[in-house]
Amino acid sequence: MTSALLQTTSAGRRRRDVGMRGVLLIGTIVALVPLFLVLFYVVKRGIGAWSVTFFTTDPTGAFLGDPGGVKSALLGTIEIVLLASLIAVPIGIGVAVYLVEYGKQSPFARVVRYFVDVLTGVPSIVFGLFIYIVLILGGGFGGFAGWKGSVALALLMLPVVTRASEVVLNTVPDTLREAALALGSPRWRIVFRVVLPTALPGLVTGALLAIARAAGETAPLLFTAFAINASNFDLGKPMNSLPLQIWNDVRQAQDRLVERAWGSAMALIVLILLLTIPARILSRRSRTA
Amino acid sequence: MASAATPVERGRPSFGRPRRARLPDEILKWVLTLLAAGILALIGFFFIRLYGEAHLAFSKFGWIGFTFDNSWDVSKSVFGALPLVVGTMITAGVALVVGVPVAVAAALYVTELCPRRLRTPLTILIDLLAAVPSIVYGLWGVFVVIPRLRSIEQWFSDTFGFLPFIGGHVAGPNYFIGGLILAIMIIPIVSAISREVIATVPTDHKEAALALGATRWEMIRMAVLPYSRAGIMGAAMLGLGRAIGETIAVTLVVGNAPEIGKHLFDQGYTLAAVIANEFGEAAATPIHRSALIAAGLVLFVLTLAVNAIARYYVVRAERTGTAAGALPGVTVTE
Amino acid sequence: MITVKDVRTRTNDEAEQADATPIAAAAPADERAPVERKRGHTISLRDLNVFYGDHAAVKGVDIAFAANKITAIIGPSGCGKSTLVRAINRMHEEVPGGHIEGEILLDDTPIYGDGVDVVAVRRAIGMVFQRPNPFPTMSIFDNVAAGLRLTGTARGKNLNNIVHDALRGAGLWAEVKGRLEKPAMSLSGGQQQRLCIARALAVRPEVVLMDEPCSALDPVATLRIEELLTDLKERVTIVLVTHNMQQAARVSDVTAFMLDGELVEVGDTEKIFTNPDDERTEQYVSGKFG
């Protein structure tokens, strides 16, 4: 009789349990399959394009004959993204510091916070349009230029950096600040000597991830940086970049150009991974610290 | 008889810091406040300039006319954005329907079901979906997905043609493929936020369910999902916002036909795609350019609305004590 | 020969009979229906060791929890009493690295081992937790009905009856009878805990484990629950973990004293508190440590 106390759960319930757990597992696999398919395909088609000349020569713009490499695109991406980061990261962290250390829950700070949130949702192409209107149509600034692309990317990165930094700065315990205040330290020194250094790993992670995101963007560059073939270090002129190079190449009929597009795609992904993976490692390590 | 300052006054310590030493503090505070105010000014500026350029198109076609007229004809300089708006909605809708369940399933699996040591690797892999640039997704869509799925789509269209919106000849690039690629792109963000939300479900409630004699799935259904519902809705809305605004991947696979397709497998167009495609040639024609910028404004307003809804859900989740916490941007702390 | 099928059928009949009989404990006399005394059930622990990974939090415990009695487990913080109790309804294995050695038996049936359905064990051995944890998104009614809806054994009118009886059994009925559809979180702390007790009772467990159920409550709420326990033991065997010695003395029939993962002494409550055998027990109950 006692064994009857442990009435085994009905077969229906057990089936549903196993079934739903299977569904969730399948969902996870379905989510990951595209990742592997895409990476695999990019490598498969792009690896053929990689060579020394791929990285060291500029596109020739010729339709027949040697199409050249993508040096200008690679350099261009690095330059444009670098400038964008130099703009967006300090400003983003600065606004975050304001929100956490000074503004806190004041009405003004709440409004700022709200609009930063708003900015995170703006499509990247709208940023491109905005910069186009202001800096290119606006006249007086000249035509397309690398730095204008940087500004568009910086706009994109700004809310991301701000938000991530705010989250990180909030995790710095108040007790640290209070201890420094009790010792008579002025606010600014607390920010620079206590808060920022403590939050540094998280801030770096946020910055790296924002940079990685910006590196992969095409839309904001379409009508700001424009693409030319020659390498140049002058951000005041039109500048090539990997996404633009891919965009142009892939729409051509020539096989070699399409292959080059895939090579560029692979290079772009590698570049992004070089930013993302250290960011994740850093974030993990700072959490277990 | 007056003597010099009384001994008491001379000995009193001074608590005020000299003006000089307070200066860095003041400077820092004002610089940062200015930066923050700058953000607000920027957004205001944003709207003003965008609207300024879009005004030409809006005044010619009217706000309602521009947004809801079904007539996007470049050659005749007639611009009604309805096909674009509809196309944006359809592709984003498909993205939601396909992407959100997958993302939430993955979030549930990783948080509640999978073996501990797999948790981190799986999380990293799901987040890695976000590292692939949109142009690469678009390319992959063009070269792999469109050709491979074509016959399956045609079979589906033929077999289920009696359903509304299904049927007809399958164009290579079409609404469905657009939605599918978008679904893949929104998975990382929806999954990351859902993961955070699900992880905040208090152990208390999960234990209460288990102690009553619930199976693992029943525990998830009873304790985890109701608690996380608002936060997951917020995550889905954010994914929707992303899907609406995505440009490059979509324009490569949606077909770029400025008509309202009658079927899921027809070619279509989206607001973002039209801007990307036509901007080059439009630069010279003021009305065309203005129409594209107006399309950008419509897109902007759309994403604002969706994100406002997302925020509403997250706030509601926080208010009923079923917290969400994480919001858009980068999830720094996984 | 009795086949498994026969046993199961018989149990279903018994369940139906039990469903028709209200638990009714704290209701006033005229509302109280005849209480059918079910045969009580015991829990036996044989050489039980409970591990977190390699670390044994409970060592070599032998004890039998008598049927229809309240057994209190007392001891200083960290002595392993919560861990012990969580091993009994197999909640301990939810913790990574949690496992046991030894045996735990419900009457004569081992509850660990191949072929034992952990879900069934948890239905038969209920638990009330330290902090009240009603499901926040559910109403009062739905909370109590939650366990029943899992097994699907009761529907409609039957379900209503069981829920109402469980609420009576938990001494909550009078306070909530007009507002069962209100959210569970609208109740006070003490009421929420009684709701959790009702929820645990609704699935008709044989044994109820209580892990410091009053530690998050105020004295008035605590007293109400203590009054409840005395009535409840007629229906279920109760194991009560408490850090409050006075509570153990007030409420329990048997008291077990644990120290550093070991069972030091177990016996009638009166004896443990007035004339314990072991010196350590004597020192603890007279407040010399803990």
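By letter and in written order, the chains are A, B and C; residue numbering begins at 1 in each of them.
Methods note: a contact is a pair of C-beta atoms (placed from the backbone, for glycine too) under 8 Å apart; a residue touches a chain by one contact, two chains touch by 3 or more.
If you're wondering where the values come from, they're calculated on a predicted model, not measured in any experiment.
J.: Give me the set of chains touching chain B intersected with the set touching chain C.
T.: Both chain B and chain C are touched by A, going by the contact rule given at the top.
J.: Averaging the CA atoms per chain, pick out the one whose centre lands closest to the mean of every protein CA shown.
T.: Centroid comparison flags B as closest.
J.: Comparing the two chain pairs, does A-B have more C-beta contacts than A-C, or is it the other way round?
T.: More contacting C-beta pairs are found at A-B.
J.: Compute the distance, rounded to whole Å, between the mean C-alpha positions of chain B and chain C.
T.: 48
J.: What whole-Å value do you get for the distance between chain A and chain C if each is reduced to the mean of its CA atoms?
T.: Using C-alpha averages as centres, the distance is 53 Å.
J.: Just the number, please: Cα centre separation of chain A and chain B in whole Å.
T.: Roughly 15 Å separates the two chain centres.
J.: Give the residues of chain B that touch two or more other chains, as numbers and ranges in rising order.
T.: Expected reply: 213, 215, 218.
J.: Where in chain C do residues touch at least two different other chains?
T.: 119-121, 123-124, 150-151
J.: For chain A, jot down the residues that touch at least 2 other chains.
T.: 9, 13
J.: In the complex formed with chain C, which residues of chain B make contact?
T.: So the residues of chain B touching chain C come out as 116, 202, 204-205, 207-215, 218, 222-223, 226-227, 229, 320-322.
J.: Could you list, by residue number, the parts of chain A that touch chain B in their complex?
T.: My answer: residues 9, 13-14, 16-17, 20-21, 23-28, 30-32, 34-35, 37-39, 41-42, 45, 91, 94-95, 97-99, 101-103, 108-109, 111-112, 115-126, 129-130, 133-134, 137, 155, 158-160, 162-164, 167-168, 171, 186-189, 191, 202, 205-206, 209-210, 212-213, 215-219, 222-223, 243, 246-247, 250, 261-262, 265, 268-269, 272-273, 276, 280, 283-284, 287.
J.: Taking the touch rule as given, give the residues of chain C at its contact with chain B in the complex, in rising order.
T.: 89, 91, 94, 96, 119-124, 126-127, 129, 131, 133-138, 146-147, 150-151, 185, 196, 199-200, 203
J.: Can you list the chain B residues touching chain A in their complex?
T.: It comes out as residues 17, 21-22, 24-25, 27-29, 31-33, 35-37, 39-40, 42-43, 45-46, 49-50, 52-53, 101-106, 108-110, 113-114, 120, 122, 124-137, 139-140, 142-144, 184, 187, 191, 213, 215-218, 220, 238, 241, 244-248, 272, 275-276, 279-280, 283, 292-293, 296, 299-300, 303-304, 306-307, 311, 327-330, 332-334.
J.: Looking at the complex, which residues from chain A come into contact with chain C?
T.: That would be residues 1-10, 13 of chain A.
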